[in-house]
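Below is one structure; the comments refer to it alone.
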């Protein structure tokens, strides 16, 4: 889960990482007041989209009036599809230099990794590999001062900045570790008046560890539909196509979407009902899918833990309740397959055993709809 | 460093280990007041000696008057050589059962170890090996619930007591770890009204880790002489004999004492000036030794880091300052030996190169003194 | 013997009294797996389907000396369950549980190395040696013994592939699910190494997906691997996944996409199936 | 080659710019030890006695690839210094520093095992292969090459014994100080195992003392050890040491005293010297 910049900065600041003076504002008046208190400010849209600066999500203002106007313009606007409801009004920094510092998990190395560069800022991803220094963290040891020192020296830092870099890196790791983060990032790590400061802040918490952090407010920017389906314990992503897809397992759901595309169709969503969800959530999710009015629905179930008869039951339940006006193509094989087919037959629902045939049928149905 | 029972209990209690209600009292009046507040009480001498109960260091009182009398008797008395200046006045527990729980470091296994027994109390050391259960703690893993559960089950605990035992063991380990303890011990771990409670508490902090615990008050029960010599950074233990011993290194100091004994002498102390102490502390320590009026002084130096010329300088300095009325036998070999002998000769001090001869001379000197 | 497990492998089930644990214990017993004991703290002394239940792994080990354990406990307790198995000396730990905190997995992976143990998972469907032993949650009927090694990240997709292999008369030597999480115990590369050394395995099918760099790392190994590899990768149509800030981009450096993975695998001679049902045909070609 | 070190062993000194570090670097150089680099954070770029100083072990390793390191930093920093050496991959770490917190040593010992490294110490005088290499603080002149292995807990007492051996014409193969702390990296048993396998060593002298159970554990190993052992133990006249509560008594179960140690060693055929100067004579008897 990504945290908003202002939340990440609050946590950084609480852990003694220097951050700019700032106020979170929900309306232009608050922004004006903040600017009055702070002086010249940057006004930053609080959205979770990447590339915010390039997308116009940051404005500057010298006076409260300018701040009010800039905030008014940002608030209510959209940054890469995310509506702006809050802005962070922050002291405008006199940045002398921009470094980069991040900690994340390197899946290949199966370790947390510190990454740092002298060339921070918005173009960090174009920085050549040799300008990035890194250190893999042994989870049995953690990040120690000597490792941070080694990174700082390799960046060519000296004296005061070197010492600040070491302290800040160790603190960032403490936050990364204590908050079960997947990412703790400062970009730019700005040099302001000869001192290091977190000009921006990112902190992504591992969703699977949120239960250990009841104090962290859940940030969920999904649509109502996404939230409703997630509430059923299922994994859902909205897409652009017109064929609703439901399958059991992330891999097979993706493979179903891929196959659809290769046969000329386009998935309207990713919905994984894997892991023995039971017929009730499956029926509810199916209803929610139907409510989006797709051209067709493709259900691809390879029954393992998911039992085919439960899938059949979910389908029958939905059909009984509201009928099936939208073409529904079902592929069903695996555990309790025969019971399922018998039940479906009794309710006039047909199904495929072959995935290719089912996908072809779904594409045809969507084209004819 | 051993902590007084009341300090250990304060720490245990702060970490949610149940301890009896109690008050630390410095005079009989305070004890009476405490008894008035608490009811029937146990009055426990706060000394660091083991076997306190067997030595009469614990009294019981039903009334404030009795408590006052018992405290008056204990305060100012001596328990195994330790003067009693404070008593802990504690609610008298209705103990149904006594268990034992301790965590220490097993030097052989090079791991911390949890030890527990159903047969706690003052005779715990006579409990047969098969009545003790234990678990070695992997420092990379720590003590986990499953290990505490395993111990509790092996003790035959059930339900409520089992759950309490697990929680308490995990808390004791947290204290052991957080306080850099060498020992965290509850004996007896009492069953009172069907619940576990730390009727006694021991917490020994690793001297070498005290720098990490500036909040812990240093408890030093040594004599003035011991404190004075320790303040010089040297290692000193008072003994019963009449030949003062000084050597460089714990092993050779012990070996010198052993040799003395085998030749019919007895060491008055253990004084290790090893590790390149320099001539100033050595001279001061020697003066302190001379002040104890031993029959003879035996100095045994095998110079490695300790340079013989520095030892000689210390000796000459003391001789110049106050003369040497007490027979001083010096054995000196190793680094800068020649310079040392030359300097000593100039000041009329003789020395042995052979340890056996030096020891024999010291024994003879003491006998003739 | 197949990789890790065989007919005689004695299996412990941690979390045996839970719904998932009990259901899959039944399935494993039905498959012929020697499930010798179960563990659920607070439930010692009971039986589940005739399998004795203990309060701790240590107590179970004292009586049954299992070779492997399968962990079915909820995510919040899975870390300690795996530690318990590691500390008790079990050398094969299959973590079926999903949603383990990432930092927990990092520690487990490091500690498993210390203890000389193999962790399969977390979030895995398990491991099966067809007709001999199954430790996991995969459906019983779809596997057949044979010469094809199968290693996959995701469960149901691998069942699809395994079933199509079996239908085509291509049995499997061992099927391993490495788990769907970002960090897992046994990696593709390690599984491929094991298949390389396994005399029963003649070809390997790798079922991967977009995200991470596991397939690219596998490709680097396949370059010098003497046995043929066929791969199917899911995610060709998926939009770019959630990115882990700049740091993720710096580490991945363009890897992780469908195109990058296909390119890496094709360059080292692996055959790529466009659809799951194409896998058997490609395996026939390389056998 | 002698145990761990030889003429070509390249040595790093951590804490080289401190008083102790600089003094003993000089002594080691004078002995012929190949001190290739030193480390003191904040002092990189300097030289000490011609030895280049780096800020971190990693930087020193990149240039000099040392085989071993000696740690001379103050106790509060020794833990991280040793970790730094371990993480950097150095396989022999001699911790001269004394007063390391016990819990730090416990972690270091466990991590050294993980990293496949040997820690000698803490609180050791070091290790010396006479005339070839010295990593430590022992006096240079007292050792002679020869067939006697010497392993000791305490420094000066071992110098006494080594000097008496040398005077008697009995040179030493390797002399190791395991360190005076309650918990140490290399144990008596491990040192004895190494001497057993060392073709240069014909007999071993063990210098122990009261407290702990290291000598009793050594005795259990000596029982099956093919080479003769002579022991001197200090502490016959010492009053009982400070006890670690009941827990200490439960663990020691009567071991740890002078009498218990002598009995254990005599029972397995080790010769016990009553005085340090008796050691050479007993060694002659068994050689």
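Per-chain numbering from 1; labels A, B, C and D assigned in written order.
Here is the rule we use: a contact is a pair of C-beta atoms (placed from the backbone, for glycine too) under 8 Å apart; a residue touches a chain by one contact, two chains touch by 3 or more.
None of the values given here were measured: they were computed from a predicted structure.
Distance from the centre of subunit B peaks at A, each centre being the average of the chain's Cα atoms.
Set against one another, B-C and A-C show the most C-beta pairs in contact at A-C. One inter-chain figure worth recording: subunit A and subunit B are separated by 57 Å, centre to centre, where each centre is the mean of the chain's CA atoms.
With centres set at the average Cα position, the gap from subunit C to subunit D is 46 Å. If each chain is reduced to the centroid of its CA atoms, subunit A and subunit C end up 26 Å from each other. Residue positions of subunit C touching 2 or more other chains, listed in rising order: 111, 114. Annotation for subunit A: residues 138, 140 touch two or more other chains. Contact residues on subunit A toward subunit C in their complex (touch as defined above): 50, 100, 102-108, 110-113, 115, 124-125, 127, 129, 132, 138-140, 177, 180, 182-183, 185, 187, 202, 204, 206-209, 211-212, 239, 247-252, 254-255, 257-262, 267, 270, 274-276, 302-306, 333-335, 355-356.
Of all the residues in subunit B, the ones that touch subunit C in their complex are 138, 140-141, 144-147, 149-150, 153.
Listed in rising order, the residues of subunit D touching subunit B in the complex are 20, 75-76, 98-104, 106-107, 109-111, 114, 125, 137-139, 142, 152-160, 163, 180, 182-184, 187, 207, 209-210, 212-214, 217, 232, 234-239, 243-251, 253, 274-277. Within the complex, the subunit D residues that touch subunit A are 41, 44, 55-59, 80-81, 83-84, 86-87, 111, 114.
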